[in-house]
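Okay, got some structures for you below.
The same subunit A turns up in both complexes below, where it pairs with subunit B and then with subunit C.
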Partner chain A sequence: MSNINGKIYALNAITPMKPWKTLVLRGFFFLLGHIKPLQQDLINLSFIEFARWVVLPRRQFPFLGNGQVKEELQYDYLLFFSNFNGTWNQYIDAFSAVLSKGLNLVWRWSEKFPGAVPVTPFKEYIARVQFDTDYYYTAYPHAAANDLKSAHIVQASLDSLSQRAQACTPEQFADAYLRFVLEVQAHLGETGEAPIVF
Partner chain B sequence: MSKLNETDIQGFVLRGYNLPVARYFFLHFEDAARARMLIGRLLHHVTTGQLWDGGKPESTVNIAFTQQGLAALELPDATLLSFPVEFQQGMKKRAGILGDTGLNSPERWDELWRDDRVHAWLGINAQSPAALDHRCAAMVELLEETGGAVALAAQEAAAVVIDGKPTTREHFGFTDGFGNPDYLGVGRSSQPGQGKLLPNGSWAPLATGELLLGYADEAGELPVAPMPHILASNGTFMVYRKLHQNLATFRAYLDEHAALYGGGKEKLAAKFIGRWRDGTPLELSPDNPDSSIAQDPNRSTNFTYGADPEGMRCPIGAHVRRVHPRDAFGFNGKLIDRRRITRRGLPYGPFAAEGEPASDTEERGVIFMALNASISRQFEFVQQQWIEYGNDPHLGNDKDMLMGNHGGRGKFVVQGDASAANPPFICSKLPNFVELRGGDYFFLPSITALGMLAMGLVDPR
Partner chain C sequence: MPNKNGTVYGLTILSPIIDDEQATPSHDLQIRKYLATLPTGEQSPFALAPGTHLARLVVMDDVIYVGMPACEEHLKSKYLVFESNCDGELDNYLAGLAASVPEHLDAIWSHCVGYPGAANQQAFIDYMKACQLETTFYFAAVNDKSVPETLRALQTQHAVADFIADHQGMEPARLQTEFARFVAELKSAPVPRPGSMGQPRSIKTGGRNE
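And now, the complex of A and B:
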């Protein structure tokens, strides 16, 4: 059982919210979902494969009958799920450094949330509400999100070179090859083992 | 922020002395009481950060301790255990994290560093070899008089002298020492490009707590520090690494690849590092070196990479772009403000000018010393993520061309454009141009803390 698989880390955090606050958060999520620039900072953190927040309402937990005791939950819950490249510390540091305002808007409705800045209490909070991953499959443990994006660029560019090459004179091919290299030159990183987590 | 208490901070922390010769003694304490007496006597010699009204001194003295050294001084266990984990472990045990494996692994280090006998670093810098000898003789006398420590070894270091003048060149021929950050409260002539980038494109000093313990850092909190706090305040941590340079390998590699590269040898050398050998940043002058830029403090460090995302001027993997990415990761550089280090240090070994014979086996390299409030967050992060790895600049597992522990594998991509003088180019089968020969993590205490150590006044909390 580990949150780490090669270059990727899976983080789950579950935090309780007073039900009336859930309404406010839903309003904020609605705005976030419809105003793309608001998401841009999160998207621009290139080491994040994805990040998602989901509200788990207190009355919608599964009830299976069959002797399961009915519970009256006092809190709604906010599930945060993210996969990212790099270390836990690096991730939370970056969150705190560049996304603190957005994070505060998402998490301030959760009980005992200390704020995303300063970073040490924020880290303590995440560590406290984090649930470890039981099973974690990843298709490319030796590739980070950036490596995958690069691979797509190289593949597409190579395919198009290959197509053009069929009808090229040697001079035209030289030119097409140069253009191919210029297209892929910033996307040629090796894949491989992740550095040791510390 | 008001000025720092410069008389309580070791001068080595606040300024690069710019003195041309140095000798670093590595001390071993044999008896705690005698060692404390030695520190007490040394206290009067230690150079503080106080401004030199009467001009530069003939020589300076500074001291720092390893975890073993502090234990040998019989600091309380509760205090020893309050130091950050990486400092307690020492650099050797962090080899895996740092990528110090293979050719750089501890079993290949100089004998001095292979066991844990180094307790303290005693650094002497001086204006001249005579002044250095004079001051060192006084230090050795102190060691003998007090019986406080034995000197296990002494490392010589000196600025490379060209045409009779000390320079800031290193052995590969590059001009070094441009990139130290500015910090709040540290009085030195500040230079655009050396602090942190602000959204309006100007530069501001970093928070003091990125360099010194006891002050707020860029995250607005106090750095992790040992207890009691008065032991930590105005102190910092120092990373010491002896980096051997394989000069023959470097020259042969550069010659071999320059013959295939359309931009010429000097441009290829510049692409490795991101600066022409005279120091001109590629980002400001991609076609030729320009000494008017290199020598102008308002321009030599004043640039960003935002307009060059593809690395066509300065390659994405060039050394200076890796270790100080400025705005290259977006967010106006905010992701890198807590990863900055202050570098000190000098070359060692004989300088062989271009054209003079050179071998890999000659003792030659650079003594790299980095100062930072958190070794793990600053130095170790830079070393692991930006030197030995490449995900942040989207370079996968590619390593730093010059500093990386390649072991004959790996590659470095020189991004280019469609012009004949700046073609794209790939350097592969990279040898280790630089090899680690040893070093450790040190705590560089304040003057107050040195006094506490000398008097045995460190109480546990």
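And now, the complex of A and C:
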């Protein structure tokens, strides 16, 4: 079992919801998906590489026959999968501090959700509904979400400069190069192995 | 479509695991045992097959009881959860997995109900789609870059930092020549392998944590 690979942590959580409440939650996710400013806090946190919520209605668990017994459930379920940088405690703390309103709108429809603030019962709840990852792969274990964003900025700046470089005089190139250095200087952080977390 | 965010596809699959009292060890345990020995770096099946940014495999034993006054209920099957963040269209991605690492797919999913094997590519794709869940909300920090583009950009970032450090104060004509050579070398360099830890650093600050 490993929830961690390099700089990434895999969180899985499942929570039960009364079926009528899933309609409300779907409505919230529809708005969140279509009104981009509502995602701004999620984007600004900048340590989540990918995350998803899946509403799984009680009668829509995959059923393939072949001797499989059909599920008979009272609750719909909300599945949450997150890929984030840092430790579990840092993640839940930041979620609680920055996204408490948004998280409440997502999980308040789940049974026994205590709210994202105060953080202690919130952590207890997440720990209770979390299940561990058996296998975790990332194509770039040495990079965090900010490294990815920065690397693409550096690549775009370099591509732009190299396109112009050949047509420049040495003096013009020196000016363009200086502007390039100013553009990328904040995006050259070293990637590598994750620090040891105690 | 909620399964996609930009050009990145969020695949969620729940495959019911065979429940056979005669099997020793049980099928879910056999999956876990296999996953525990599967490489996670450059030799990972997801590194050998094209298009995976991040992926996880999880045996979900049951739903979770959160306590009174909620009702306690249990699943009749255990499920193998496959969560992947991948490039492009689903059919191409699944076909790439089936073509590149069929032996791993068979070793894992042969413990699941109705799995047809990866040799028959269309049957494999149809099976995976039968087990697929629609994502309700999908977030991707970078949603318009493929795996090779990202690996290339990380390589560029590293190389640019070194180039800038090594060429401070150089006179313009020579700097221009050196830059042209640098860009040409970078373009001809192979894309780093997915799952690798990148170039080793001279400064050590720690190790992979667990």
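Methods note: the second predicted complex is superposed on the first by the 197 of 198 C-alpha atoms of A that agree within 3 Å, B and C clash if a C-alpha of one lies under 4 Å from a C-alpha of the other, contacts with A are read in each partner's own complex, and residues count from 1 in each chain.
FYI, a contact is a pair of C-beta atoms (placed from the backbone, for glycine too) under 8 Å apart; a residue touches a chain by one contact, two chains touch by 3 or more.
None of the values given here were measured: they were computed from a predicted structure.
Enquirer: Consider subunit A as the common anchor and indicate whether subunit B and subunit C clash or fit when overlaid.
Expert: Taken together on subunit A, subunit C would fit alongside subunit B, as the superposition shows.
Enquirer: Using the superposed model, determine the angle subunit B, subunit A, subunit C defined by their C-alpha centres, to the nearest 10 degrees.
Expert: Computed angle, apex subunit A: 120 degrees.
Enquirer: In the overlay, answer first, second, both or neither for which of subunit B and subunit C A:46 touches.
Expert: In the superposition, A:46 touches subunit B and subunit C alike.
Enquirer: In this superposed model, does subunit C or subunit B come into contact with more residues of subunit A?
Expert: C
Enquirer: By the touch definition at the top of the document, which applies to A:86: first (subunit B), second (subunit C), both, or neither?
Expert: first
Enquirer: Contact-wise, after the overlay, does A:33 reach subunit B, subunit C, both or neither (first, second, both, neither)?
Expert: second
Enquirer: Can A:178 be said to touch subunit B (first), subunit C (second), both, or neither?
Expert: first
Enquirer: Pick one for A:17: touches subunit B only (first), subunit C only (second), both, or neither.
Expert: neither
Enquirer: If we overlay the two complexes on their shared chain A, which of subunit B and subunit C does A:116 touch? Say first, second, both or neither.
Expert: A:116: touches no partner chain.
Enquirer: Between subunit B (first) and subunit C (second), which, if any, makes contact with A:186: first, second, both or neither?
Expert: A:186 sits against subunit B, while subunit C stays out of touch.
Enquirer: Based on the superposed arrangement, let me know which partner A:97 touches: subunit B (first), subunit C (second), both, or neither?
Expert: The answer is first: A:97 touches subunit B but not subunit C.
Enquirer: Can you report the least C-alpha distance between subunit B and subunit C in the superposed arrangement, rounded to whole Å?
Expert: Minimum C-alpha separation, subunit B to subunit C: 5 Å.
Enquirer: I'd like to check the shared interface: which positions of subunit A are touched by both subunit B and subunit C across the two complexes?
Expert: Overlap of subunit B and subunit C footprints on subunit A: residues 46, 143, 147, 149-150, 181, 185, 187-188, 190-193, 195-196.
Enquirer: Which residues, counting only subunit A, touch subunit C once they are in their complex?
Expert: Subunit A residues touching subunit C: 1-2, 4-6, 8, 10, 12, 14-16, 25-26, 29, 32-33, 39, 42-43, 46, 48-56, 60-75, 77, 79, 81, 83, 110-112, 125, 128-129, 131-143, 145, 147-152, 154-155, 158, 161-162, 165-166, 168, 170-171, 173-174, 177, 181, 184-185, 187-188, 190-197.
Enquirer: Spell out the residues on subunit C that touch subunit A in their complex, using ranges where they run on.
Expert: Touch residues, subunit C against subunit A: 2, 8, 10, 12, 14-16, 18-19, 31-32, 35-36, 38, 40-41, 44, 46-47, 52-61, 63-64, 66-67, 70-71, 73, 75-77, 79, 81, 83, 85, 113-114, 130-142, 145, 147, 149-154, 156-158, 160-161, 164, 171-173, 175-176, 179-180, 183, 194-195, 197-198, 201, 203-210.
Enquirer: If we count contacts the way the header does, which residues on subunit A are in touch with subunit B in the complex?
Expert: 7, 41, 44, 46-47, 85-86, 89-90, 93-94, 96-98, 117-120, 143-144, 146-147, 149-150, 178-179, 181-182, 185-193, 195-196, 198
Enquirer: Could you pull out which subunit B residues touch subunit A in their complex?
Expert: 86, 94, 96-97, 99, 218-221, 309-311, 316, 329-331, 334-335, 337-338, 376-377, 380-381, 384-385, 388-392, 394-398, 410-411, 413, 415-418, 424, 426
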